[in-house]
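Pasting the structures in now, so scroll down.
Two complexes, one shared chain (subunit A), two partners (subunit B, subunit C).
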Partner chain A sequence: MMLKRIIKPTIFFLFVYMRMAFAQVAVIAHKAVPEDTLSQARLLDFYSGEIKSWRNKVPVVVFDLKPANEIRELFYQLLGKTPSRMKSIWLKKLLLGEGDPPAALESEEEVLKKVAATRGAIGFVGKAKVGGEVKIIVVIAKKDK
Partner chain B sequence: MLRFKSSIVAALLSCGLSQLYAQPEGLNLKVFGYFQVSFGYRKELGQAIQEKSFSLQQLNLFLQKDLAPNWTAFVNFEFVNSYSSFRNWGAQKLEEAWVSYRRGEQFKLKLGLQVPAFNNLNEIKNKTPLLPYIIRPLAYESSFNEIIALEEFTPTQAFAQAHGFIPAGKLKFDYAVFAGNSPNINNDPRRGQTGVDTTKFFLAGGRFGIRTRNLKLGISSTFEQVDFYHVATFLRYDPSQFDNVPRLRLGGDFSLMAGKWHWESEYIRVTYDDDHPVLNFDKEFYYGTLGHEWSERLFFYTGYWVTRENALPVRDMDLLALTAGAAYNLNETISAKAQYGRVLFETSAPVAMEGKSNYYFAAISVVF
Partner chain C sequence: MKFKDLKLGAKLAIGFGFILVIMAGSNIFSLRRMTAIKNEIEEVTANRLPRALAIADLNLNTAALRISQLQHAFTTDPVAGKQQRDMMSKLIDRIEKNKDTYERLKAESEARRFYSEEEKELYAAFDRKWETYQDLSFAFFDLLANHETPQAIDLLNGEAQEVFDNLSANLTALVNINKNDSNAAAERADFAYQSARAITKTLSIVTILISAFLVAGLARFISVPVRHLVHAAQSVTGGDLHVHLKSDSKDEIGNLAQSFNQMTAALREARERMQKAQVQLVQSEKMASLGQLTAGIAHEINNPVNFVSANVGPLRRDIAEVFAVLAQYDEAMAMQQLQEKFKNVETLKKNLDWPYLKEEINNLLDGVQEGAHRTSEIVKGLRSFTRLDEDERKPADINQGLESALLMLKHQLKNRVEVIKDFGALPPVMCYPGKLNQVFLNLLANASQAIAGTGKIFIKTSGDGEIVTIAIKDTGAGMTPEVRKHIFEPFFTTKPVGEGTGLGLPITYGIIEAHDGNIEVYSEPGNGSEFVITLPVK
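Right, the complex of A and B next:
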């Protein structure tokens, strides 16, 4: 009986905590990048290819996620652009010879691995997946309706 | 012993050659491009004239290579209107071949054959995957080359351009300044080497603009000198009076995004300072297009486009186009497009005439 009183609330608390964690997206960067936080405008500049290097002149390497899921949707909401609008921006850069679209990776695990291993890299994953191998520079929380 | 020495020499040579041609990682040659295939139908109202035709409207092939950090080379070959040298159809040209140096977002320098920045559409007018149109706003539509003096409205080539943007809070100030040849390129082998500017003056121009997340506006201008020898000859005037006539282009562009609605508009005015009481070659163009992103894949638009051209006392012509269309992204690289246009033209010289045509187009645009 005592055990039930402890276990049930604990399970409920863990469930709520995990749901909160899954609703959060972390924008991550390689540990050596010189900035610890980014504004929405600067993040959009990186992801649209307007700015190609960090303040210490190291090239920005931008990673995207291929699957269209909640994580990607939340990230694009932060950028304030629809996926089709971002595709137009990247296509324009490509056809004007000004750069390539971000590499779109198959999974969040791959994003974590690539960002941890690539100097100047930036990407986004679910916050619950982030360990100590990368730096979190922005956290986006999903607004409940 | 000789065979051994030969083997050593061969091994050393191959190492040297492989080092010479080895490509550092990330600096590989990229080959990509796009094409647009269309079907068009034109019916002149009140007349029996109608035309219908398939066409490989445009094909562009790009080569790009990052030569070194901050240095990029880019080449663009263009083939238009079902190009065939065998049948003498269409045209092919080297549209761009430049090298670019980037020193941050505030300064980039592009050297070589390029399309200069002028208003919103000039740099991308031939990049059909970027545009929902099949037929572009009139002053930018290359297939109207025989009806409209396109090269008078917008600068088509430059050879050096410095450009970039300066961020200021939520604003970005864009700038571009460029230089190129004047339009008096020699096309007559009897007058010497063709493709060479025969005037003493170059094209100079630029665009300055402001951008925010959803708004973009700018002003553009070019200045050059042209000769009107062909006009003088036709009208039997003294050609020396039409040497180095100043031509000034002024342009403005305004684009706005509000939710899923897009508005794009431009204005261009071309004036000639010829000091002649009879001649008037001034031109004007403006357009406005309202678009709506119905979904991630589907985009609708409607537009109002006008050109006013003078070539007095020989002719003048006004063209007005009302258009509507849609573009649907089948996937990330293929789009289907449809467009309707009602085009009215009016002339008052040499004789007063008017006509109306309906245009119907369908197209597929592919990026590869």
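Right, the complex of A and C next:
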């Protein structure tokens, strides 16, 4: 009983720590975007298509990852909306002709490449994958609920 | 501490406290049950039913969305298409609202721990499928936008249909879960109600029974002892001092009964002492008056007897002289000179039976002398009884006195009566030793005479610094209570006339009294007699 009490939180803590170490999400943007950081609310505005261009009039290009991805789940946790909720928003926008949903890419490498190559692009990848080719806007560590 | 040792107040408090605890327990149990029932009902009405409704609505809205998508695929008119798109957008709003409602209720239920793991998993599965369906919807609208209508319809009827069926099945399962859970909650509430009812009923009955027992107990612990006390008091009033109350409890009533018992015991003892004193008083009064009477009689008899005693001697001497003279006459008669004259005398002597006359005269004189002797003995005895000779007291060994008395009776006792002595170590007693020896001789002789054939005499002495006790017990004939009452009275005797003077025991009594001692007799016909003498050592 006593042992369980000690072991359980310890394992849980180690688990969380390792996820923190290996599963930090970096929100990245093209090097030329005028912002250095974004709040959670602003990020949500970007990802739900409410903000369509940066301050320098360059259109915003949002990249998503395909489902069943740990990095993606972490990112949506930060946004505070589940993927299905976000999809509803985009489905409505599509039906009302207000915009297309962000392109969902297969891998983080692809996101990295696209963001580096596209002006006004914003996306998210595992922090470990990020090199000097993009700008890191926010780093998200996995939060306990 | 036992229950019966408690005070009355404590007994009552325990009894009523017990009832109170049971009633309080019953009420608390019922209240808790009621709270449980209320929670179940609240959960069902405020949460489960609205949740099931939200899910059912969600099912309808997703189905409507799918149908709208199909219709949209077949619509070519741009205006109708626009309307359909608006419609679908509204359906998505509704779906989102349904999900909002459901998730809010879910959070409430989770906080109350009423949200099952199964439902949680089902809802998560639904949400994943809903996302997949949305992805497929994007693809569908893309195909429509690229005018690939047949492919779009294929997608919707193929892959999307499958996902939708799964999704719909999940929603139906969710509704069922809520329905089942509602039923289970209703059953739980019903069980809670039934058990609360049963427990309350049972405890009510138990409480009533205990109350009844308590009342009976109170009657037992209070009214019954009080009734006994009343009866006992009435008996005492009626003169019966031998009533004894049982007092095994230590409460106030037990104390009362104990005090009552002590009171009657004290009364009884006082009454016995009084009766004894009365008997003793009567006895000593009787003995005193008898003493005075016999002293008077002794004195009155003594004088005339003295005449007789004093006169017999000279009379005997005188008659002897007369006989001597007569003898001379006889000699003279033998000389045959006064034959004729003496012939008459001879004839007279013959007629009178002269030798017999002489013998008789002597016998008569003997008789007179014996009578006078005996009378003077009696008088002496009476004097002993009434008044002791005034010699001084001196310390003496009582055991030794007993031994010398036994020695004197040796020839009477030997081979017939076995004497069993149990002499204790006695202090010297200040007394008139000769008188005490007379007492012992008297009692031992009586004991010996009471034994018809063979038997035993037990002599036991014991003493402390103040009192010496001598007990003489025989295995003889014993006495009737009537005889026992009179043995200390002068001239009372059970022996044949001439054998006992009836003065032995009265003298004994007088001697013991003169020593400030006490003599008691215990006897029953056939069981022998025991005389117990107590003498102060002084």
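Side notes on the structure shown:
The rule we apply is simple: the second predicted complex is superposed on the first by the 121 of 145 C-alpha atoms of A that agree within 3 Å, B and C clash if a C-alpha of one lies under 4 Å from a C-alpha of the other, contacts with A are read in each partner's own complex, and residues count from 1 in each chain.
In this section, a contact is a pair of C-beta atoms (placed from the backbone, for glycine too) under 8 Å apart; a residue touches a chain by one contact, two chains touch by 3 or more.
Treat the numbers as computed from the prediction; the structure is a model and nothing was measured.
With subunit A as the common reference for superposition, the partners subunit B and subunit C occupy clashing space.
More subunit A residues lie in contact with B than with the other chain of the pair subunit B and subunit C. Of the two partner chains placed by superposition, only subunit C is touched by A:Pro67; subunit B is not.
Look at A:Thr82: by the touch rule set out above, it reaches both subunit B and subunit C. Of the two partner chains, subunit B is the only one touched by A:Ala41; subunit C is not.
When the two structures are aligned on the shared chain, A:Leu95 is found in touch with subunit B and with subunit C. Overlay on chain A, subunit C versus subunit B, candidates 9-17, 99-107 or 297-305: the clashing stretch is 99-107. Subunit A uses residues 82-85, 87-88, 91-92, 94-97 to touch subunit B in one structure and subunit C in the other. Across the interface of their complex, subunit A is touched by residues 32, 34, 62, 64, 69, 72, 74, 96, 98, 100, 102, 104-105, 123-124, 127, 129-130, 165, 170, 172, 213, 293, 296-297, 329, 332, 367 of subunit B. Contacts from subunit A toward subunit C in the complex involve residues 67, 82-85, 87-88, 90-92, 94-97, 101. Residue ranges of subunit C in contact with subunit A, taken from their complex: 85-86, 88-89, 92-93, 95-96, 99, 127-128, 130-132, 134-135, 137-138, 141.
On subunit A, the positions that touch subunit B within their shared complex are 41, 44-45, 50-53, 59, 80, 82-85, 87-88, 91-92, 94-98.
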